[in-house]
Amino acid sequence: MTKDIKKIALLTGGGDCPGLNAVIRAVTKSAILNYGYEVIGYKFGYRGLYNNDFIKLDLATVSGLVSKGGTILYSSNKDNLFDYTVEEDGKTVKKDVSDVAVENLKKEGVDVLIVIGGDGTLTSARDFSRKGVKVIGVPKTIDNDLGSTDITFGFNTAIDIATEALDRLHTTAESHHRIMILEVMGRNAGFIALESGIAGSASVIILPEIPYDINKIVQKIEERKRNGYLFTIIVVSEGAKPKDGEVVVAKIVSDSPDPIRLGGIGNKLAADLEKLVKDREVRCTVLGHLQRGGTTCTVDRILSTRYGVAAVELINEGKFGSMVCLKGNEVSYDSLENVIGNNKQVDPSGELVTIAKKTGISFAD
Amino acid sequence: MTKDIKKIALLTGGGDCPGLNAVIRAVTKSAILNYGYEVIGYKFGYRGLYNNDFIKLDLATVSGLVSKGGTILYSSNKDNLFDYTVEEDGKTVKKDVSDVAVENLKKEGVDVLIVIGGDGTLTSARDFSRKGVKVIGVPKTIDNDLGSTDITFGFNTAIDIATEALDRLHTTAESHHRIMILEVMGRNAGFIALESGIAGSASVIILPEIPYDINKIVQKIEERKRNGYLFTIIVVSEGAKPKDGEVVVAKIVSDSPDPIRLGGIGNKLAADLEKLVKDREVRCTVLGHLQRGGTTCTVDRILSTRYGVAAVELINEGKFGSMVCLKGNEVSYDSLENVIGNNKQVDPSGELVTIAKKTGISFAD
Amino acid sequence: MTKDIKKIALLTGGGDCPGLNAVIRAVTKSAILNYGYEVIGYKFGYRGLYNNDFIKLDLATVSGLVSKGGTILYSSNKDNLFDYTVEEDGKTVKKDVSDVAVENLKKEGVDVLIVIGGDGTLTSARDFSRKGVKVIGVPKTIDNDLGSTDITFGFNTAIDIATEALDRLHTTAESHHRIMILEVMGRNAGFIALESGIAGSASVIILPEIPYDINKIVQKIEERKRNGYLFTIIVVSEGAKPKDGEVVVAKIVSDSPDPIRLGGIGNKLAADLEKLVKDREVRCTVLGHLQRGGTTCTVDRILSTRYGVAAVELINEGKFGSMVCLKGNEVSYDSLENVIGNNKQVDPSGELVTIAKKTGISFAD
Amino acid sequence: MTKDIKKIALLTGGGDCPGLNAVIRAVTKSAILNYGYEVIGYKFGYRGLYNNDFIKLDLATVSGLVSKGGTILYSSNKDNLFDYTVEEDGKTVKKDVSDVAVENLKKEGVDVLIVIGGDGTLTSARDFSRKGVKVIGVPKTIDNDLGSTDITFGFNTAIDIATEALDRLHTTAESHHRIMILEVMGRNAGFIALESGIAGSASVIILPEIPYDINKIVQKIEERKRNGYLFTIIVVSEGAKPKDGEVVVAKIVSDSPDPIRLGGIGNKLAADLEKLVKDREVRCTVLGHLQRGGTTCTVDRILSTRYGVAAVELINEGKFGSMVCLKGNEVSYDSLENVIGNNKQVDPSGELVTIAKKTGISFAD
């Protein structure tokens, strides 16, 4: 047992993810009920740590949070205190302000910092650990692409939502004999597309890990037509790429002087397929932010609770500089040094891709 | 009671809409069980009527359809037999082929045609009625903008889905202090945006009927900030327009030679607000096809069943050339001549807009 | 416009009902934003009024309540201040303590009392109105049996939940060729059973308003068997009764000395049918409290918001002693004197029962 | 690779379970697309095997089944061909008719039998394997209590439904300061109660594996009251038992001459707590059949698909007499001899119970 731990702090960083609040709740309850730790939460991720902006967390604060999406501690997306944007002498400069954070922790008497976040947020956590701060990480990402853990919380809620969307698109595709494309999240890893595609009965799944040949998609559409199925459902990860060359990022020409980035791979695919499959309409829906908010699903509520309690156990056992993780069915941990830089991807010859292929799903490879 | 009716036919036209199958089921059950009519269904809307492509509908065919989205008769979007595209002497020409349809009805001994569709589909129904065909219409549109009826089936499922989407966006908006925009359907009428905006607790609702002033949106965002709410949810109909001038339709510049239409009002609004509200991120989600498919909601199941049974009653009463409708809580009917050309819009000074304003929602007018 | 209204109070009474919080939110927002009234809420219904136990309601208090089930003001089921249980001289006696309530209202400077509740709660509201208190009622009941209004909030959430339960029972009934009974709420009125039965594709609907003949149920089961459907779904209101005589209320013989009331009409029906239909299993599920809690459905969120705003409008117009209501699509009002004692029931020859019968549903009458 | 396999048969046995249809679909697709096997399905479980009552399964038959609850092959609950009830000489006798089944398999040229079921159904599968029939098992049970596998399909859908029910009960419990009990399935194993209790934020979880002391439940209720929480949610497995003695099975006294079994542990607990906790109401809801039907959840769709494909792989590899299973994240297999008789239970000192306790949940032990 670690002696002399009296106060711990929490922060949440990066994009929204169902289960953040459930982790905050589990950490707080477990820390107070079992070890009597005092618990505070920094607001807006690392920015709050820099500004010493925090709230006290007690049992009442976290009551009812197991199912609630979002984070009561708020988050910020790109605040890296080791390369932070500050105003100095009227100019905006980048500098390392991590010492301010360390000072703030000392000033408040925080013994351990629990960081809940994805790749970027946990990289900073590792860097604070290297500076001597006692840090515990909790893996968070919709995309499920963090290394060292079989699964991250948020992922199961995302595939639930994507699967429900595919269920909805099915009735329209069938009734109108359409080709319907759903673009889901996954910049570097296709786990959401793969699992929702299997669950939502897609005929084609396009992943970042398996560059696609558009002619193979057309072949699948034609094969289905020969078998009497005049519609086709395609699910595509936002980070998917064709075999031949890059996706030119689409831009909008609006009446705004500064057009924003808009069309991704899903809309490109729709445009390309409309030219190749003459007799049917193609439509693309981009699921976007719908897959990262709202009520947390059952699996993620349980997983987040396990992670939160396990994080407090790691504190008690003195295992600092590590991240809780899931290996098979067991909650375990790994060092942050191992986690960072070892992101996961879908294995193109792994079981799930194989299963999908054996039930007739095409990856257009 | 109408004598000599022995056989009726059904067809479904236009975009997908939850409740189509429930109407088909109710018509079929009611016609067979109560009057012993024979029932057939033309496939792909009017195209099937032109090609004499139909299936027999009996109790087994329609079993289990009350909840199933889509239409087992399939649909087509733009087939107008009074101005139909045909090949003639190797050329594509437009011509009136409605006589072929009338001939097909005679040949099959169809006494009455029930047409389930929106504005376009019902316009043809009226035109067939003018040609002497016994026609009954059933009003279908997600947008709820058909005249003569208080409500169309499909609308309630659409607002359920849009409301659930707003619930999801709320957690992300709150956690990240963002301005989140949801673009919903409604080219000419803002009913979906209005009702889902009230139910989903939007702060700003933008409708086609109330041109918006972008400065009023910014004012609302600032007012909320002063009251401690750093996020704002905006719901916008696809057909919304700014007070000053038209929306330039956005196009994508992709690596496809023929760029498809893409960015609508929601994305334009996001681009414009990002420039005006410096300190916060703005994100837009386009709900698109997700709001027209999937399981039919309770209200639409009941309404579709009422409409289907009422259509058969109108046949029995000989009230041809009319459309079933809902007036308050009562199922009633109106002539197709009255329906067409009298589309509804949200009343900018009506009860629902007033209610919304009194609870603090801005229409940016 | 009513002059001199400065402060209003709210209370919620009776069983739980989705939409209570949405009404509280709409009243509070509308009162503060449009008229500058001060708003307080008594806790635990009339008990709080008696004990002068209240909280201040402001915009922050009601933020986020549009979708949340339950009531932040709490409720109590049977507290009638005109016949209230108090301790006096060590004995429990019943007495009229309504003067204490009137006194409390005066003491706090409350000008108008908004009472949200069903039959019992609104009867007291009428009685306070008779005593000179300025009262506005808002109709609340899952069962939809209140007079003077076409619909009460909470009802649509209840039928959504009951319909989803019927959807679930369908797959088991079909796979196991079973007779599945769902008992839903409705002591005196069968609206929930009727509407969920139509939406959930029940074959038999049993209502309090139409006493049933068990042989007619058996006939329906046999008729379905002849048509190839080896399963039957029955939905029954808790208040349903057989044609011949009363339901003996079932009791449990447990090892508790004081057995609680348990088995209702659904379980009796299952027991009776098991004896009459030899070749198939019969199972009953009692939906119970599941149909009155949880997230409020879209329709109820909108209706509750309309009712809440309308209640404040009635105050402004000085229409005291009245209840907001819905007539067709229009929000309106009626006097509490008319409401009480005029509860609604399903019309056995009305449109919905007729529609159900025409699609083949049996009422076993 | 196994030579000479040309035809395989499927059957489903035991209670309804979401995912049955998804397994049937995956087996059929995988067998036809990858190995060209012919596939048939016996109807009503072993009864169909005895009566040689089957249907051909092809790609069209199984289309759309990934999400659909129930089983298109129907099921029967208690048909054991090794101890089967038959009519002989006008009398009902029990006898071993398994040879008839073996004969039927030979007659139809079935090379391998895939049996999808729980403990009872798989025991017969093992017995057929002992008789020389090539058998593959697929583990199915809502309760998740089968040995040799970490998880069975159907379980995750069940905990989703139970968790949603707990979410609903929460609002009513909070608003009315009630003690709400939810009885869920689990005759011998408490996995559903345990996982839904954690996800649904129950304060007390009662399992078959941890006999309860009613005084400990009362203590928890009192402790919560002292902390300001006037409501308590309890989830209890149907097979739970008090520390002191057995549960006397409750019976109903109805006006039926032959009263049916009704009240289980949940209702007993409610009756007992009402006597011990004077100042609050206690209510019990029995979830019953609602947790085994309806749309299959995402996790179960994927798991069922993996199991179905893996079963066909085992055939190809000649691994007969075995059952597919999940070990950690890997699909694997074990011999049916090992599976039968080794049912799982919740480990009272395992991780999940420990996690639950550390977040303040009482098991009343």
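Read from first to last, the chains carry the letters A, B, C and D; within each, the first residue is number 1.
Please note the rule applied: a residue touches a chain if its C-beta (ideal position, glycine included) is under 8 Å from a C-beta of that chain, and two chains touch if they have at least 3 such contacts.
Just so we're on the same page, UniProt names per chain: A, B, C, D = ATP-dependent 6-phosphofructokinase.
Given the structure is predicted, the values throughout are model-derived calculations rather than measurements.
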item: Shared interface partners, meaning chains that touch chain A and chain D; value: none
item: Repeat of the A-D interface, chosen from C-D, A-B or B-C (over half of contact pairs identical by residue number); value: B-C
item: Angle, in degrees to the nearest 5, of the Cα rotation that carries chain A onto chain B; value: 180
item: Centre distance in Å when chain C and chain D are each reduced to the mean of their C-alpha atoms; value: 35
item: Distance from chain C to chain B - Cα centre to Cα centre, in angstrom; value: 32
item: Inter-centroid spacing, chain D versus chain B (mean Cα positions, whole Å); value: 42
item: Of all residues in chain B, the ones touching two or more other chains; value: 167
item: Chain B to chain C touching residues, read off their complex; value: 25-26, 29-30, 33-34, 59-60, 63-64, 66-67, 150, 156, 159-160, 163, 167, 195-196, 198-201, 227-229, 297-299, 301-302, 305-306, 308-310, 312, 327-331, 351-352, 355, 358-360
item: In the complex with chain D, residue positions of chain C that touch it; value: 15-16, 18, 20, 68-71, 74-77, 161, 164-165, 167-172, 174-177, 180, 247-248, 250-256, 258-260, 262-263, 267-268, 270-272, 274-275, 281, 283, 285-286, 288-290, 292-295
